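Below, each structure is written out as structure tokens.
Note that chain A is present in both complexes that follow, paired respectively with chain B and with chain C.
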Partner chain A sequence: MSEARKICLLGDFAVGKSSLVARFVRNTFSDKYLTTVGVKVDSKEVRLTDRAVKLVVWDLAGKAELDSLNKTYIRGAHGLMLVVDGTREASLRAALYLWMQSQKQLAQVPVVLMINKLDLVDRWEVSAADIERLSESVPTFRTSALSGEGVEAAFASLAQRVTERP
Partner chain B sequence: MSKAASVVQGALTRFLMERSKPLILTVFRQRQVVSVEGDPALYGIRNGDFGAVLELVRNLLVGGDAECLTVWPLVDIGNRRHTSILWVPDKPNDHIIFTDAEMCGEELTERQQAANELALANVEKSKTIRELKAVRDELQAKSAALNEIHKFQRRLIDTLSHDLRTPLTSISGYAALLEPHLAENPVTMRALSAIQRNATYLKNLAENLLHLAAADNGSAPLLAHPFALEQLAEDVESIIRPMADGKRLRLNVDWHSTVQKMPVFDDLRLRQILLNLVSNAVRYTREGKVDVELRYDGDRLTMRVTDTGIGIASEYQETIFEPLNRGAQQGCDGAGLGLSIVKQLVEQMGGTIALQSAVGVGTRIQIVLPERAAAVEPVAARTEPSLRIQSERVIIVDDDPDVAEMLVWSLHEIGYLPQLMHDPAALLARVAEQPPGLIIIDVDLGVRSGLAVTQELRLSGYTGSIIVFSGANNTNTRQAAKAAGADAFLAKPLDMPKFLAWMKRLLPGA
Partner chain C sequence: MTKFQQLRELLLGDERRALERQQAQIDALSDAHADLAQQLPALIEAAEQGPAKPALHQALSPAVAAALDDSVRRAPQRIVDALFPIIGPAIRKAIAEALRGFVLDINRAMEMSFTPRGLRWRFESWRSGVPFAQVVLKHTLSYCIDHLFLIEREAGILLYRYSAPELPDLDADAIAGMLTAIGDFVRDSVQAPGGGSLASATVGEHLLLVREGPRATLAAFVRGVPPAALHERLSQKLEDLHRGAAGDPGFDWPVEAARALDVTAALVVRGEEQRAPMPKWPWIALALFLAIGCSWLIWQRIESGREREQLQSIVAAEPGWRLIALDRNGAWQLKLLRDPDARSVTHLQQQFGGSVEVDEIAFLSLDDMPVARRAERTLALPATASVRVERGVLALSGEVDSAWTERYLPLASAIAGVRDVDTRALKIGPTARERLQALAEDLNRRALRFSRGGADVDEDQRSALVADVRRLVEMAQSLEVRIVATVTGHSDEGGSERRNRRLRAERAQILHDSLRAAGVGADQIVIAVDNPQALAPKATMHWEIR
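And now, the complex of A and B:
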């Protein structure tokens, strides 16, 4: 049986967290926006080069800051995925703030940043320069839940990093 | 525990059990359900299949401590159903308690969905407003830049056409002066005729350019006057005749009115229309004739110009009235403005244009204009200014030596005693000393305005006649000249034959 790791998706509302999970776990996409209430937990086994790991993915309700409920949910997480909507610059600020808040709840855990909605790149407000700068401090992926571009790579990257830790 | 406390506790337990509808699973090693209390169907569990909920609980325990009591509120268990899950470790079996959180979950979901959708709509609205503002700013900047270019173009056109008028006065005037002296020499007469033809062309071009500039800034209202149809026909013929003669074309100008009253139109605009049509006809006719017919029936004025020229191919007949369109008569000269101005004027006057043309045969353009007094600004009949000149001594004030000398020469030829002066100060002194019968003064004297000098002359008590002339042929300048005390205003380029004929009539003792 593969080892299991808990990862939590954090980000502002409507950045595409649930869509990324649906793409990653079930390889599906719906363009209908349904807000997440509370938490939805899914899992998927990811094969790494030397082993397999079961990622338990906690899809948390989108908020610009960490509320008490989400503080409860992230307890014990092995890794975090910060999700940003590339078309909303404000969602990048929210993700970075959530990251900062989460550090008070968790020990240093691996983090990856997903700049989502790559299919709408012509409407992106998040600049390439900002992404470049962020990628120097956190693994950053340009993703599209619609096309699937970058999604597997982002989860695989986090899976690799969370299994490297004891 | 007291009896009362026991009763309260019992009631509370029953109440909470009823409201939360708990499902209690007792499980062995997180994988096997040992006992069930409650209704599994309320939590989407059918046919005793607990696999999915056990998998969910195992997932929830990842990263946590299975030896500790743990609660996970508002967990989505599929199909957007929510429950709170309580993990109660025990020996040898553990317990999982599901409580119905749907009551608050459903309401919360609806509220949050609505709030998020509203926030998203606001984000989009803000974005759209920002984009629209950016587009508006860009358009405003472009519009301002275009306006500047436009203003510059119009100023350029205005200046150019104005500056054309002064030398044209010289050219036409000297040509008219030379004519009687060269009449016997056919070579020099041909040369003179060419000069007159080209001067006429340039004059027409200057008028057209000025019209464009004026029409563009809205300063070209129609001014209706009663006028003599015969006079219009004569004017056009006298201007175009040298061009037609130079090309050995027959030019017939015919007019007819079925009523006694004079037509009421803006005669300057009619003249401009006719001059454009007839000069075009002459320009594009190599041999044969050009017929001009004017008909007035009391309600409508019909102008018809027929030529035996090169004609206009059918593919160009739609675009011939567009500005700067010279495709129809390639190889011929012309700025391509005339017909577009004709169209503009005819439309402004509420008239119609009909074109018939065949390549190699000729062209006929017919214009019908309704007499619509209400649509125009009626003014008194335009007549020659009434002047009385007391003495044949005339002072001419113009800083353009060519025009000034030409006027001196011409007036001298018909019996006046002209004197040329450049300095306005010297003029005032001269007039005070020996008042002339007439002063002809240019508006633009370089150092001073001729209008200011005119006003000073009047204030100094000069009562003789003053004629002001200018390259700026517009209502403002005319009105300013009158206000300054001028008896007459003449526009450059002067129609020298007409001007001299008039002056001849005014000669004291004529």
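And now, the complex of A and C:
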């Protein structure tokens, strides 16, 4: 059995988290859990250069802030994936706020930022300058759930980083 | 320094310095003792974090135990007050678990009580003397653990997994995560005081059992109906794992779980009482019962059909009967047209017992038999004649008198069902009165002959005469006419007149007595006045029909 790591996807509603997960993993459970339980869990084994790691991906229902249930869900996470809709600048602020909120529980866990909807790049509100500044403090990937571009790389990066932690 | 002081220094200087050093040490110890109370918590905390931790535990254990023991003896109420918030929920939880298991068993027993299987188990309980609840438990211990997950409580990461080998693979990590999330969701939704949690759920034939510990959760997907003991066993295994982890910072959960729960899984699977294949005899008995039932129904139907045909043929063969309806509602119910001159239905009811009910409607039949009876009844045929009807032709035969012929023969062709009348075989004879008259005249010509000179008579002759007279009497009675006989005695030429007179009287009396013997009434016989004319030794009679 390969090592398992818990990854939580955080982001505002409609930023494309579930689509990204669908691109990345084999869906075991229905999306209806997102609207009922508020989370959907899937897993995928990622092959790194020296080992394999199983990412258990907790896709939390999109919200601008963490409520008490979501705080329970992110408990014990080994890594966070912040998802932003490139066409909505507000979703970037929401993602950063979610990150800040999660810091109270998850100090120093690896984080990866995904600027999604690369297929609509001409309508992006998030500026390239902001992305450059963000990438200095957090690994940032431009992704498209539609084409799959950047998705595998983002997850692989996070997988690498979570396995480096004890 | 004075000389005295110099001298004292020389003599006692070393001792004084030693005393000062000791005093300094005493002062230092006193200072240290005074600060110990403030420093003790920090010192213990430092020892707890450092390598001296085991030694500290070892050193404190006897003292803490002794102090606790002393405190229990000296001030038990304080201990009770301190433990009350803990012990109360613990007791309640233990009782709730026990009651849950008990109720589960009772429910199972109740559910099984009124099913065929439950009745069979009741019989087994009665036969073996084992309580019914135990019998139910024995038979319901059929279960199988399909999946067993040990999940890290906080993150929902799968620590250990057992799945039955025959089952298809599944994403155990995702399931472990979802189970954790759903458990959190339920706990957050219910917000039960004291940290309630999802303990079990039922999905189809699967029962999900969840046992939560502080650091790990044990979830089992069970197929079948597990006993309450399985709940306890899972809890016990989880507690064992936590106990091992509590004293060992390097506790390897996956390895230890594999060791502990593999055994559990194996035990559970081996402990599963394989569901015994259903015995064949109930099916055989059911099939036999159905076969007998079907055979009986078929036989009933055949028998019913046979009886129906029999009834129909009997009714069809009976002249003067016509069947309108034939139904069976318990008994056979016939609706029948019947000619009043046809046979009654009594013989039919006698043949079929009480299973035949007949509703009769009268009608006139043209069948030969009822037409013949109607003719007999209408024509008042004498015993000497008879009728026969064939295809509507009324054939009269025998002998009738002219009076009957005049009165009844014209009616024959008017009888319903008679198309023609055949009288070729019918003889028309004298009337009864004529026959009576003829017989009377015959008797008038006859005489009862006696021996010469005596009153002796031949008995054969007398008997023949009495028989003929009796026939005359009967004919007169049937015709309702009165007949009267005048009797006369006679004598021949020999003998004296006196003797002859006596012989005539004796001979007349003998004939009188003979007529009486033939049934002639005394008022119907008259003895004539003596006739002295010599004729022959005899007695004669003369009948008159009035």
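Going forward, the second predicted complex is superposed on the first by the 154 of 166 C-alpha atoms of A that agree within 3 Å, B and C clash if a C-alpha of one lies under 4 Å from a C-alpha of the other, contacts with A are read in each partner's own complex, and residues count from 1 in each chain.
One rule holds for everything that comes next: contacts are C-beta pairs under 8 Å (C-beta built on N, C-alpha and C of every residue); 3 or more make two chains touch, one makes a residue touch a chain.
Please read all numbers here as calculations on a predicted model, not as lab measurements.
Student: On the A-aligned overlay, A:88 touches which partner chain: chain B = first, chain C = second, or both, or neither?
Tutor: first
Student: After the superposition on A, what does A:13 contact: first (chain B), second (chain C), both or neither?
Tutor: It touches chain B, and chain C stays clear.
Student: Have a look at where A:48 lands relative to chain B and chain C in the superposition and call it first, second, both or neither.
Tutor: Neither partner.
Student: Which partner chains sit in contact with A:61 here, chain B, chain C, both or neither? Use first/second/both/neither.
Tutor: After superposition on chain A, A:61 lies in contact with chain B alone.
Student: Is A:100 contacted by the first partner chain B, the second partner chain C, both or neither?
Tutor: After superposing on A, A:100 lies clear of both chain B and chain C.
Student: Looking at A:29, would you say it contacts chain B, chain C, both, or neither? Reply first, second, both or neither.
Tutor: A:29 sits against chain C, while chain B stays out of touch.
Student: Per the definitions at the top, what is the overlap between the chain A residues touching chain B and those touching chain C?
Tutor: In chain A, residues 4-6, 33, 37-43, 56, 69, 72-73, 75-78 are touched by chain B and also by chain C.
Student: Using the touch rule from the top, collect the residues of chain B that touch chain A in their complex.
Tutor: Its residues touching chain A are 55-56, 59-60, 62-64, 72-76, 80, 82, 105, 108-109, 112-113, 116-117, 119-120, 123.
Student: Show me the residue ranges of chain A that touch chain B in the complex, using the header's touch definition.
Tutor: On the chain A side, the touching residues are 4-6, 13-14, 33-43, 56, 61-62, 69, 72-73, 75-78, 88, 90.
Student: Can you list the chain C residues touching chain A in their complex?
Tutor: Result: residues 152, 154-158, 161, 170-171, 173-178, 181-182, 184-185, 187-188, 254 of chain C touch chain A.
Student: Considering the complex alone, what residue numbers of chain A touch chain C?
Tutor: 1, 4-6, 26, 28-29, 33, 37-43, 54, 56, 58, 68-69, 72-73, 75-78
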